[in-house]
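Just so it is clear, A, B, C, D and E label the chains in written order, and each chain counts residues from 1 on its own.
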Amino acid sequence: MEFILQPLTLLTFFPLLGVLVLLFIPGDKKNILRWTALVTTLITFGISIWVLTLFNASNPDLQLTAQYDWITVAGWNIQYHLGIDGLSILLVLLTTFLTPISILSTWTAVEERVKDFMLFFLLLELGMMGVFLAQDLFLFYIFWEFTLVPMYFLIGIWGGPRRIYAAVKFFLYTMAGSILMLLAILWLGVNQGTFSLPDLIAKGGIDPQTQLWLFIAFAAAFAIKVPMWPLHSWLPDAHVEAPTAGSVILAGVLLKMGTYGFLRFNLTLFPQAAVQAAPVMAVLAVIGIIYGAAVSYAQADIKKLVAYSSVSHLGFVMLGLFALNPQGVSGAILQMINHGLSTGALFLLVGMVYEQTHTREFKVYGGLWKVMPVFGSVFLVVALSSMGLPGLNGFVGEFTILLGAFGSTVLHSPWYASLAALGVILAAVYILYTFQKIFMGPEGSIVEEVKKHGHALRDLNAREIATVVPLLIFIFWIGLYPAPFFHLMAPAVDKLVAGLQTAALAMR
Amino acid sequence: MNAELLAFIILAIIAIAAALGMLFSRSTVYSALFLVLNFGTVAVFYILLNAPFIAMAQVSVYAGAIMVLFLFVIMLLGTEALPPSRALPWQRPLAIVLAVILFAEAAYLLFIRRVAAGDVPQPIQAFGSPQGVGNALFASYLLPFEVTSVLLLIAMVGAIVLTIREKGK
Amino acid sequence: MPPLNFSLILPLVTLTIWACLLLLLDLFIRSKDITALLAAVGLAVSLGMTISQIGSSGSGFNNMVVLDGFSIFVDALLLAAGLLGVALAHGYLKRTGIERGEYYTLLLFSISGMMLMAQAADLIIVFLALEMLSIPLYVLSAFARPRLESEEAGLKYFLLGAFSTGFVVYGIALVFGATGSTSLSAIVRAAASGSSNGLLLTIGSALILVGLGFKVAAVPFHMWTPDVYQGAPSSVTAFMAAGAKIAGFAALLRVFALAFPSLASNLTPVIAVLSALTMIVGNVIAIAQTNIKRLLAYSSIAHAGYILMAFVPYGQSNVVSTSVAAGLFYLVSYVLTNFGAWAVVIALERSEGRGLEISDYGGLGRKYPALAAAMTVFMLSLTGIPPTLGFVGKFYLFRAAIQGQFYLLAVIGVLTSLISAYYYLRVVVTMYMREGDPQTTSEPWLNITWGLAALLTVIVSLVPQYLFAWASAAVLKLF
Amino acid sequence: MVPVADYIGLSAILFTIGALGVLIRRNPLVIFMSIELMLNAANLAFVAFTRMYTALSMAGGGQPVYSGQIFVFFVMTVAAAEVAVGLALIVTIFRTKHSIDIDNLNSLKG
Amino acid sequence: MTFFYLAPWIVFFPVIGLLINLVFGSRFSETVIGTIASLASGLSFVVSVLLAYSLVGHPEAVRWTIGEWIHIGTLQLDWTFRVDTLSTMMMLVVSGVGTLIHIYAVGYMHEDVRFKSDLKRFQRFFVFLNLFIAAMMILVGGDSYLMLFVGWEGVGLCSFLLIGFWYEMDTLGRPSWANSNAAKKAMIANRIGDFGFLIASFLMFWAFHSLQFDQVFQQAPAIAASNPGLITAITLFLLLGVTGKSAQIPLFVWLPDAMAGPTPVSALIHAATMVTAGVYLVTRSAALYVTVPAAQFIVALVGAVTALFAATIAVGQYDIKKVLAYSTISQLGFMVAGVGMGAFAAGMFHLATHAFFKGLLFLSAGSVILGMERGHHHLAHHEPRKGTKEKHPEEVFDPGDMRNMGGLRKTMPVTFWVYLTGALALAGIFPFAGFWSKDEILASAFRGGFTAIYWLLAIAAFLTAFYMGRQIWMVFFGEPRHAAAAHAEESPQVITVPLIVLAALSLLGGALDLPGVETLTHWLEQTVVFIKPGEFVWSVALISTGLALLAILLSWLLYGRRPLKVGEVDPLKQMLGPVFTGMERKWFVDELYWALFLDRYVDVSHFAADVIDGRFWHDWFHEKVIAGTYNWLSHIALNRYADQLGIDAFFNSLGEWTKEAASGLRRFQNGFVRSYALFVLIGVVAILGYLIFK
């Protein structure tokens, strides 16, 4: 009992309860199924809020840890070890926050096999919580791989026309990365004698050369997940084919698992390798930023455009992480959240209009602002936040990241940040293009098209507004008053950076 | 050049010839008979290597029982030579090449690397006699002996299962 | 006259005798269900005895057989596999009209042979056990006569098996020639004292390796596997895939880890290459399969490669214990998953081998969610995705490889398991994402088999420590 | 004096020929005979080695080494068992297929 | 007593106003909406006045923090308002002019939404307008470069929204992408400038470890001494920002198109306030600029060249608003040149007066356009109000085209007089406001020894007077060249009253900084310590006045003496020919940019998307290399080629190729026992070979 009642354990495994309940509800009771799932995720969100209240922001270390010996026989030293600190708490909250929203968005979008859908969704949440909370490499890997399975089904069963292709591609790509990480994890477990992250960090003492190899192995897994250029090929397919809720979670949380992995493992376990690799990673990040922006501008499919914009945004996150200074890292963490909110919201909105029009081709849209004023205005705010307009969340992240990268003593060159700042211009280009093509200009053919099918395009309904308003609130909040968020992460970030700086000095 | 070596050479030639005959004769029956001849010569080798008991077993079990069984089956299934087949043209040459390599390896091992060096001293009395073998068999090798009995039982069951005709067929 | 302490091989003896009795009883039993039941009882009894042996150890019969943690573990595993084999068979035989009592007798005989193999401490016993487990399998493969596929499978298996036996015998002869004995302990002593002939010993052991490699279907001695697995009755295949592998690896571990550690420097590269080849070839050719039985056949080849990987560093005294434990653990996970998968196959198989194409699995997820879920678990486990036993098993195997510092081999291992993900996923894709109207048969024992297997595959993967402990306690002993 | 190597050499030749037979003959009976030939070659090696070691050990005043000969005995028995099953199989196939050309036995492949 | 605690309210009032209108606007009548919006802006004007009043007694800057913003390590940014003489002056101008324009807009939009037939948009307009005031207040009231940047981008957004206000049509109300394109163009051009701003702020932070004005300025001299290059870089990157926001070369191209927005927008954002933000920025950063003369000169040069360049274009325009637009660019050039030369007071002075008279001109132009519209609708149907529903695609009437006007002085007298005032002020005729402010800039150029710049500006001034004269003659004198002009009607009071107020300001605005008194200079000295009190230079004054009069005379000769006839070619065109075409076509700068950058970027992005990402990464790398490897591996045993295998088949286990693969696998797995045995033997031979010969 005491085991279950730990906040983090409860937080991680509560969705399982929902799963069990769902199993006993007949598949044709769609609304009951939906409500069950929604309530479960809402309670999970509640638990995460409870965790937040228990969380002591001034403590840089892991907190609320639940630690038990798990497999300590036959030379294994594997623990059940959950913990939370400034690096992860925001992502945890983001996850619990986005999941109910996504479920709400499926209310009318998912009509068949609702039961399976909700099952997989709750399992997915379980996996994601585990990834962000696990402090033991073995446990982490289990959750990490486990998230693949539900997502694979979500894309493969409820996805678009080429869903199978996208699903398998998603699975194989992600797995391709993680198996190398598996070997690295084993190496650590064998040679360091423990899988527990804190112990490994404390032990340290891996020679730089080996560090570099392990760093690469871990990076392979995370870089594909992020995805960093040029490993992004799976992302557009997955996003375009996935159902709306899937895209939201995929963009909102799953990609963050990659960046979080870099933050949690690569930077802490292999500081010297991180310092060595920083320029390379920064270069890739910058390429990703500009490349993603340029490519998304050329897309004819709205969802694809948003997908590529993720490549660009996460480029910023990576750049911030590998600035390896407080501004960069904090900015990166915040930007993870921002991207989750903005891009998540964008996918939601695209999904909402897609539900009515069943097409995502730019060319049929236009002048929608007149037809759907509320929708247009909401979309505008979200788009601007994703464009990094000051006063909205996107700016705070991007600015701090660029500021950090610009003066990073590890990259020691302003060029990375300067080129990345070009991405800010390009972002404006493709975002405004999106907004213009959908909402401005003469009325698009789709309006008539929809009319032909009897019902005119309607503006957002109450449920849809309820789905996006929470996101909007945070978009403004983080934009205007991000202090609370920074306070949550500051001590942990300072600790992390301190470690990295000592490593950097050791290199010299 | 003593008598034993001479005998060895002659017998060896016979054995190999018989084996080759078995291999290349078109008719199954000839193959079987060549094999019997080969087994016979091997039995003589056993005697030379003072293993009279094994030699006897060889003649009775192998050359006797087993080959007779073979001949029965051959008669049962007909002895006609198989028509030449088109399949696997590269099989035969490849096989022969491999065999040559295998033998080359063996020869290299035996006569250049001199593995299994060591001469065979003069014949020793009271060795390899039936009672000697028998003692060993039932004293030290009881378990294997029992296992072989079970093995034969299994074989019997298997043979029956495979060949018995259910009623109604 | 040395002491004959039968207690060492009590389960084995019991099982053999039980088999003989069953042979007689069967003549008077009309309903073969009872025969099956009796067979199961025999296995259960023997299993009980095996478990009661835990902790005890010793050697006997002039040091021909040993009893140690290793043999007990393997025996238990074999008997469990036997039980599953019976559970699978009894409905299936009836359905396909090949129900004969001898099936179970031969099954029991084969298992006793495997158990003997696990306990063998003398090459003579190894050889005899090899025959004792193989001959019933030859017969069982052809059991579905007069179905030509079955007979063909039987004959192929037999001819090639006998052929490989020839190598084993010759290998043993050379080992004997090198050391003057066939007893493992004597061989070790000879090898250690240097009175042996190293090269001859190496060649001999290599030939033995070939023979055993054939049994576990290691490339390039694997060619029989797909044909036999496909042709043989599914229940036989299921058992063969598990049992023969267990016995073969038991012998490999026993003989090489105990008798030939001195040859590691020579043999390790060979085994490493075999392992790599097996993983690659098995997984790659599997991609092209459309028949589920062949698919599983190639998958079993691939898994032989993985287990070989754990076996590669057998020569390093600090790793060998991990090696053995990892191998055993993986065998357990493989047996469980394998039987589960085959149970599903049998559930979908219909007469004249219909329902064996992967395409026949379309729509399973919609129509039979439970069955599909179970199959998904098995596929994930074979791929090595958590939370399944297969993942934990692979984790353990790779650990052995990494401890032995065979990093390249480990990388090949993970990459091939990535390839495997693709064809295992294809089954899942078909079940959930393609339409179809599959027919299944639901038999209580069958359902129990796959249900249980699926549950265990997941649950044990979450609490593997007990299995870990047991496997790592199953050390090889030498007397 | 015939050195043991010669015997081993002979057995190697016989073994190779046997293996060759398995590879190139299409009649399962002959293939089977070839396998028997391989076993025989092994037996020959066994007996030769037995004699060698017995001589060595007895020269050193030790006991004769029987295991080799015993092994040969077991090999013969096993061979007998195999023959029984093998021939049974061949007969069965012949019944169904009315041919014993194993090249016609390739309905299973891929 | 002081009112500094009110500082945040300059932002809060507009925000409250916009929120009210946003949430409840749909239920309010136009009057209510307009009142709320104007009130919001008016209240912040009152606050500005109170702040100014407080400063009189307490001239030092006051910083009023309302909350923490971004605190990471050394990066300490707060939401802090800065009340000093400079910011307060800007607040006064912004909220003052802003309020007037709000009031004007109530009347203007009332008709505009009817002409364009979308009444719902009235509300939206005032929401945006309040949002703009708020953003502008943040810009001028911010205490750190980053907070300034927030306003900086905020006003950019508002200009985007308001330029694209009629996003579904072009300036003539035809369905088109034109307006939205103009909006996009404006924002992207601004973003390019913002890029410069960002880089500057990065450099600044890592140089001064702060973005807060005082801290930066304190350290400026020291850093300048140790590392002048750094400061130069900062200032030049800031200049890039300025060129974006204040429409200087090279980023001025967006401003003319920005006239797509409703006239009040053109007046408020694109003449009076937003575009002057750049000037404010330079003045604010005076402490940085004065340390690097080189940078100063570049700034001045950019300003001067822009001034002349834009003036030439203005001469060639026919659209009444386009003329004013280019004139704005040109006047902004004056200001930038002024502050660039270190004549900060002069620059700010001109900023203020320009706000008055250019605002006035735009609004009057709007009034003129409305008048034309009315006349046009009066023609189309004798009941203008109702008839607005149906459109007349057959005839496209451009109410802003001066060639359609003429003789409006009779039909729209009030508008005429206020327009004239504005024109004279702009032309720099004594005693109008423009005379004083422009003169001060010229004088400081002359005195400061910037001869080149002086002459550039002087010629620009000459052209200014000319094109304004041209406009006056074409619009208000002669005979109507279009029936609409004949039937044009004067605008209602809600429109004319603000015009009259602004006219008064344009007339008397010079009093702000009369020579010898220099109220404004002394006012600004409190903040911008580097100001040199300007002195009046008679020669300069005489020259410029002379030039202006000459220009007006010239314009009378061309356009006034013999008014333009219907369809007649512009006389100047007859004389200058291609040169005039150049002016008319804005010297083809737009075309140049498209050819040089925009088209290139589009090509690049499509290349990246289709070729690199699509064909290379996706199709080739993934499908061929990775997926292809799978296929190839699975076919490695076959005599087949991977290229025959499509990716879809790759995932479709029932696809033909797998069947073929299975059959092809006979090659090895051929079912022949003998060849299986062969493989066994190969294995044996290989292993033995290795063991023996290794």
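FYI, a residue touches a chain if its C-beta (ideal position, glycine included) is under 8 Å from a C-beta of that chain, and two chains touch if they have at least 3 such contacts.
This structure is a prediction, so every number in the text was calculated from the model and none was measured.
**Student:** What is the set of chains touching both subunit A and subunit B?
**Tutor:** The shared contacts of subunit A and subunit B, listed by label, come to C, E.
**Student:** Find me the chain with the mean Cα position closest to the mean of all the protein Cα atoms on display.
**Tutor:** Chain closest to the assembly's C-alpha mean: A.
**Student:** What's the chain with its C-alpha centre farthest out from subunit B?
**Tutor:** In terms of C-alpha centroids, the chain at the greatest distance from subunit B is E.
**Student:** Does B-E or C-D have the larger number of C-beta pairs in contact?
**Tutor:** Pair with more contacting C-beta pairs, B-E versus C-D: C-D.
**Student:** By mean C-alpha coordinates, which chain is most distant from subunit D?
**Tutor:** Computed centres place E farthest from subunit D.
**Student:** Centroid of subunit C to centroid of subunit E, CA atoms only: how many Å?
**Tutor:** Taking the average C-alpha coordinate of subunit C and of subunit E, the gap between them is 77 Å.
**Student:** Roughly how far is subunit D from subunit E, centre to centre by C-alpha average, rounded to an integer in Å?
**Tutor:** 96
**Student:** Could you tell me the distance, in whole angstrom, between the mean C-alpha positions of subunit B and subunit D?
**Tutor:** Between these chains, centre-to-centre, one finds 5 Å.
**Student:** Could you put a whole-Å number on the gap between the CA centroids of subunit B and subunit C?
**Tutor:** Roughly 31 Å, centre to centre.
**Student:** Which residues of subunit D are in contact with two or more other chains?
**Tutor:** In subunit D, 8, 18-19, 22-24, 26, 31-32, 43, 48-49, 52, 56, 67, 70, 74, 78, 81-82, 85, 89-90, 92, 102-103, 105-110 touch at least two other chains.
**Student:** Listing for subunit A: what residues touch at least two other chains?
**Tutor:** Answer for subunit A, listing residues that touch two or more other chains: 164, 168.
**Student:** Hunt down the residues of subunit E that sit against at least two other chains at once, touch-wise.
**Tutor:** 651, 662, 665, 669-675, 677-678, 681-682, 684, 688, 692, in rising order.
**Student:** On the basis of the stated criterion, which chains touch which? Give every pair.
**Tutor:** A-C, A-E, B-C, B-D, B-E, C-D, C-E, D-E
**Student:** Under the stated contact criterion, what part of subunit B meets subunit E in this complex?
**Tutor:** Touching subunit E: residues 87-88, 91, 94-95, 98, 101-102, 105, 108-109, 113 of subunit B.
**Student:** Of all residues in subunit C, which touch subunit B in the complex?
**Tutor:** Listed in rising order, the residues of subunit C that touch subunit B are 1-2, 4, 9, 16, 20, 23, 61-62, 64-65, 100, 102, 105-106, 109, 112, 116, 122, 124-125, 128-129, 131-132, 135-136, 138-139, 142-143, 145, 154, 177-178, 197, 199-200, 203.
**Student:** Hey, which residues of subunit E end up touching subunit C in the complex?
**Tutor:** Touch residues, subunit E against subunit C: 630, 633-637, 651, 653-654, 658-659, 661-662, 665, 668-669, 671, 673, 675-677, 679-680, 682-684, 687-688, 690-692, 694.
**Student:** Show me the residue ranges of subunit D that touch subunit E in the complex, using the header's touch definition.
**Tutor:** By the definition above, subunit D touches subunit E via 19, 22-24, 26, 31, 102-103, 105-110.
**Student:** For a test of understanding, state which residues of subunit E touch subunit D in their complex under the given definition.
**Tutor:** Residues 662-663, 665-666, 669-674, 677-678, 681 of subunit E touch subunit D in their complex.
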